[in-house]
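Shared between the two complexes below is chain A, which pairs with chain B and chain C, respectively.
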Partner chain A sequence: MESEQRGMLYWTMMAELAAKGYREASVTGPIEAAGITIDEFEAEFGDKDGCLFAAYGHLTEEVVGHATSGCDSGEAWPERIRNGLGALLDAIAAEPEIARAMTRHFPGIRPATYERYVELLSRFVPYMREGREYSSVDEELPGEVELLAVGAAEAIIFGEIDAGRAERLPDMLPEILFSVLVPFMGPDRAGDEMRSAAAAI
Partner chain B sequence: MDSTETRFDFAPDRIVETVVALCAEHGYREINGEHVAQHLGSTTGLDSDWGEVEVERCLVTAENALLADVATAVSGAYSPDRSEWENVVHGVLAILELLAEKPATAHLGTTLARQMAPPEVNEIYKSGHRMLTAMLDRGWVYSTQAAQPSTASTGSLGGAEALLRREISAGRATGLPQHLPALVYGATVAFLGQEEAMRLARSARDLIRDTRWDPAKP
Partner chain C sequence: MTGRDLLSATERDRILRAMADCCAEHGFRETSIEAVIERADVRRDDFNAHFVDLEDCALGALNKAISEAWTALSTVGSGRANPERLQAQVLSIVHLITSEPAFARLACIESRQLGTSRMRDAYKSATHVLALMLERVEPGSGQRPPASCARASLGGAEALVRRDLSQGNIGRVGCHLTDFAYAILVPFVGQAEALRQSRVVADSATEEG
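Right after this comes the complex of A and B.
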């Protein structure tokens, strides 16, 4: 199977899941769209679940790649977080149905698929650690503050996707940025960063 | 019914409890009357038409009961002798203890109802979420910040939920109360600032010190 065919298969499989839900989702359309045979499909994935897991893994890498590419510049940590978050929100807004499949339909299949969603979120935690250097209190911040920041962004993003408003997420960058930064920097400085991001928009 | 069959008249609350436990383990789509009956020790199963609709009814019942239990736990933790924010610390601990006692219900309340359950269960989750968000929004009364983004309470609650979901999905629900300090910090920092949120986190640490929830206790 060519790389392009594989990419098309993953994409159409997640779109099928978003459109029809797990039970009704069929592999027939995605196989045709990818231009492969049922034998090739079965040899590589076994069944629908195998393809869904592979598709989710592939798209997870794409999502993480989008977000973290903006985090790798030489800028200060808050700016890198802003860039990464902006790239992520743009990617979600461009493909709202795929975003819904990744946040709602796939994780909702069974506990093993939900585990993949938890793993996806955990990929962002290491990018938060540098935020501890921006704290204005002397004592050590709570041990889970990185996850609190990731969870804050996820909750707002999930809420918009779930409500069918993924397209407006890029405009919400400043306030989502506030929720990500505030556990590390406090509300004053997170508010400054929010205003700066709003001005840039 | 032959002599090897065992059939019970199951109490509704036992069926609900069993469905919640099985859903936490397998997801709600995988559950049917046969699974539930086997789990309860019956060899004959429930009524033949017992299926997805009944599973959903059980989840609705359990989710409603959880919301009521949360409200009872929070009101039971309230004391007029404490400040509003100290009462928040005690209220959060009461919720965590409630979830720690019933890991499967904790999974329902934080994970299944949010992302994995049928719409009717999800709506109950959302109503509880709106209630908690509105409670957090009261925090702006105590804030001197110029920046008061409308999604801050959703973010604060979301951070706490992410921590709960990670622990519950990892099978560590019984230890949830030990995360009280981090959860209190995360829930309050946007409104009260870092210093006051850290003070409340220390207060939370003191509250669980030398209890079975103390992470430092062997």
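Right after this comes the complex of A and C.
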């Protein structure tokens, strides 16, 4: 199977999941869209579940890569977080149905698929660690502050996707940025970053 | 209440617990009425006497979890002012989660991402009310945080709970008291005060044993 065919298969499989739900989702359309045979499909994935897990893993890498590409520049940490978050929100707004499949339909299949969603969130944790250097207090911040920040952003993003308002997310960058930065920098400095981001929009 | 009513109430509770346990093990989508009645050790007629269908039963279990959370929050909050009220409320919610992990999973994971639209609505209403309660915390500095901040700070704490529940590490939830208190307070009272209050919460838990 060519890489392009694989990419098409993953994409259409997740779109099928978003459109029809797990039980009704069929592999027929995605197989046709990818231009492969049922034998090739079965040899590679076994069944619908195998393909869905592979598709989710592939799209997870794409999402994380997209969001973190802006985090590797030479800018200060808050700017890098702003850039990464902005890239993520733009990507979600551009493909709301795929975002819905990634956040609700796939995790909602069963506990094992939900664990993959938890793993996806944990992929963002390492990019938060540098935020500890921006703390306004001398004391050590709580041990899980990185996941607190990721979870704060996820709560807003998930709520908007779930409500069918994913297209609003890029405009919400400043307030989501505030919620990500506030555990590390406190409300005053996170507020400054929020206003700076709002002015840039 | 007659003896028959009492028996019926106990039976209903047993079915709700079985529902929560089945969801924790297999997820709502993979749970059947047959699995619930077998686990609760009741007959199908008994199930039908209390619930219309599986979703109705799941909603019953979810509402039980939510109402116990509200009862705990109002009981420990009564007669206390902030910050002591919030500290006691964080402790009481963590105690509920660790003592009833299956119901906690139903409330925090199943109803949010795995359940039906009615279960999602119940989850959204509960978190909305919690966020409104949190917004009543007076900000330490002049500026109020953005409108979505209360929901986000609860989301941070929930992310920890969901990670531990999904990994079956329920014992770890009780170790995150400092994180929970810090997450929900820092946007409102600032880092130094949130750290101070989160230490008080952790110390209170240690004293309670």
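One rule holds in what follows: the second predicted complex is superposed on the first by the 201 of 201 C-alpha atoms of A that agree within 3 Å, B and C clash if a C-alpha of one lies under 4 Å from a C-alpha of the other, contacts with A are read in each partner's own complex, and residues count from 1 in each chain.
The rule is short, and it goes like this: a residue touches a chain if its C-beta (ideal position, glycine included) is under 8 Å from a C-beta of that chain, and two chains touch if they have at least 3 such contacts.
Keep in mind that this is a model prediction, so the values were computed, not measured.
Engineer: Here chain A is shared; do chain B and chain C fit on it together or clash?
Structural biologist: Partners clash after overlay.
Engineer: Of the partners chain B and chain C, which touch A:A33 in the superposed model: first, second, both, neither?
Structural biologist: neither
Engineer: Can A:P187 be said to touch chain B (first), chain C (second), both, or neither?
Structural biologist: both
Engineer: Does chain B (first) or chain C (second) touch A:A19, or do both, or does neither?
Structural biologist: Once the two structures are laid over each other on A, A:A19 reaches no partner at all.
Engineer: After the superposition on A, what does A:G108 contact: first (chain B), second (chain C), both or neither?
Structural biologist: After superposing on A, A:G108 lies in contact with both chain B and chain C.
Engineer: Just checking: does A:G143 make contact with chain B only, chain C only, both, or neither of them? Give me first, second, both or neither.
Structural biologist: The answer is both, since A:G143 touches chain B and chain C.
Engineer: Which partner chains sit in contact with A:I156 here, chain B, chain C, both or neither? Use first/second/both/neither.
Structural biologist: Both partners, chain B and chain C.
Engineer: One more residue to check, A:V118. First (chain B), second (chain C), both or neither?
Structural biologist: both
Engineer: Would you please give the residues of chain A that touch chain B in one complex and also touch chain C in the other complex?
Structural biologist: 22, 103-104, 107-111, 114-115, 117-118, 121-122, 135-137, 139, 141-145, 147-156, 158-159, 172, 174-176, 178-179, 182-183, 185-188, 190-191, 194
Engineer: Using the touch rule from the top, collect the residues of chain C that touch chain A in their complex.
Structural biologist: These residues of chain C touch chain A: 25-27, 29-30, 109, 113-115, 120, 139-141, 143, 145-149, 151-160, 162-163, 166-167, 176, 178-179, 182-183, 186-188, 190-192, 195, 198.
Engineer: Could you please specify the touching residues of chain B with respect to chain A in the complex?
Structural biologist: Interface residues on the chain B side: 24-27, 29-30, 111, 115-117, 143, 145-147, 149-152, 154-163, 165-166, 169, 179, 181-182, 185-186, 189-191, 193-195, 198, 201.
Engineer: Chain C touches which residues of chain A in the complex?
Structural biologist: 22, 103-104, 107-111, 114-115, 117-118, 121-122, 135-137, 139, 141-145, 147-156, 158-159, 162, 172, 174-176, 178-179, 182-183, 185-188, 190-191, 194
Engineer: Can you name the residues of chain A that touch chain B in the complex?
Structural biologist: 22-23, 103-104, 107-111, 114-115, 117-118, 121-122, 135-137, 139, 141-145, 147-156, 158-159, 172, 174-176, 178-180, 182-183, 185-188, 190-192, 194-195
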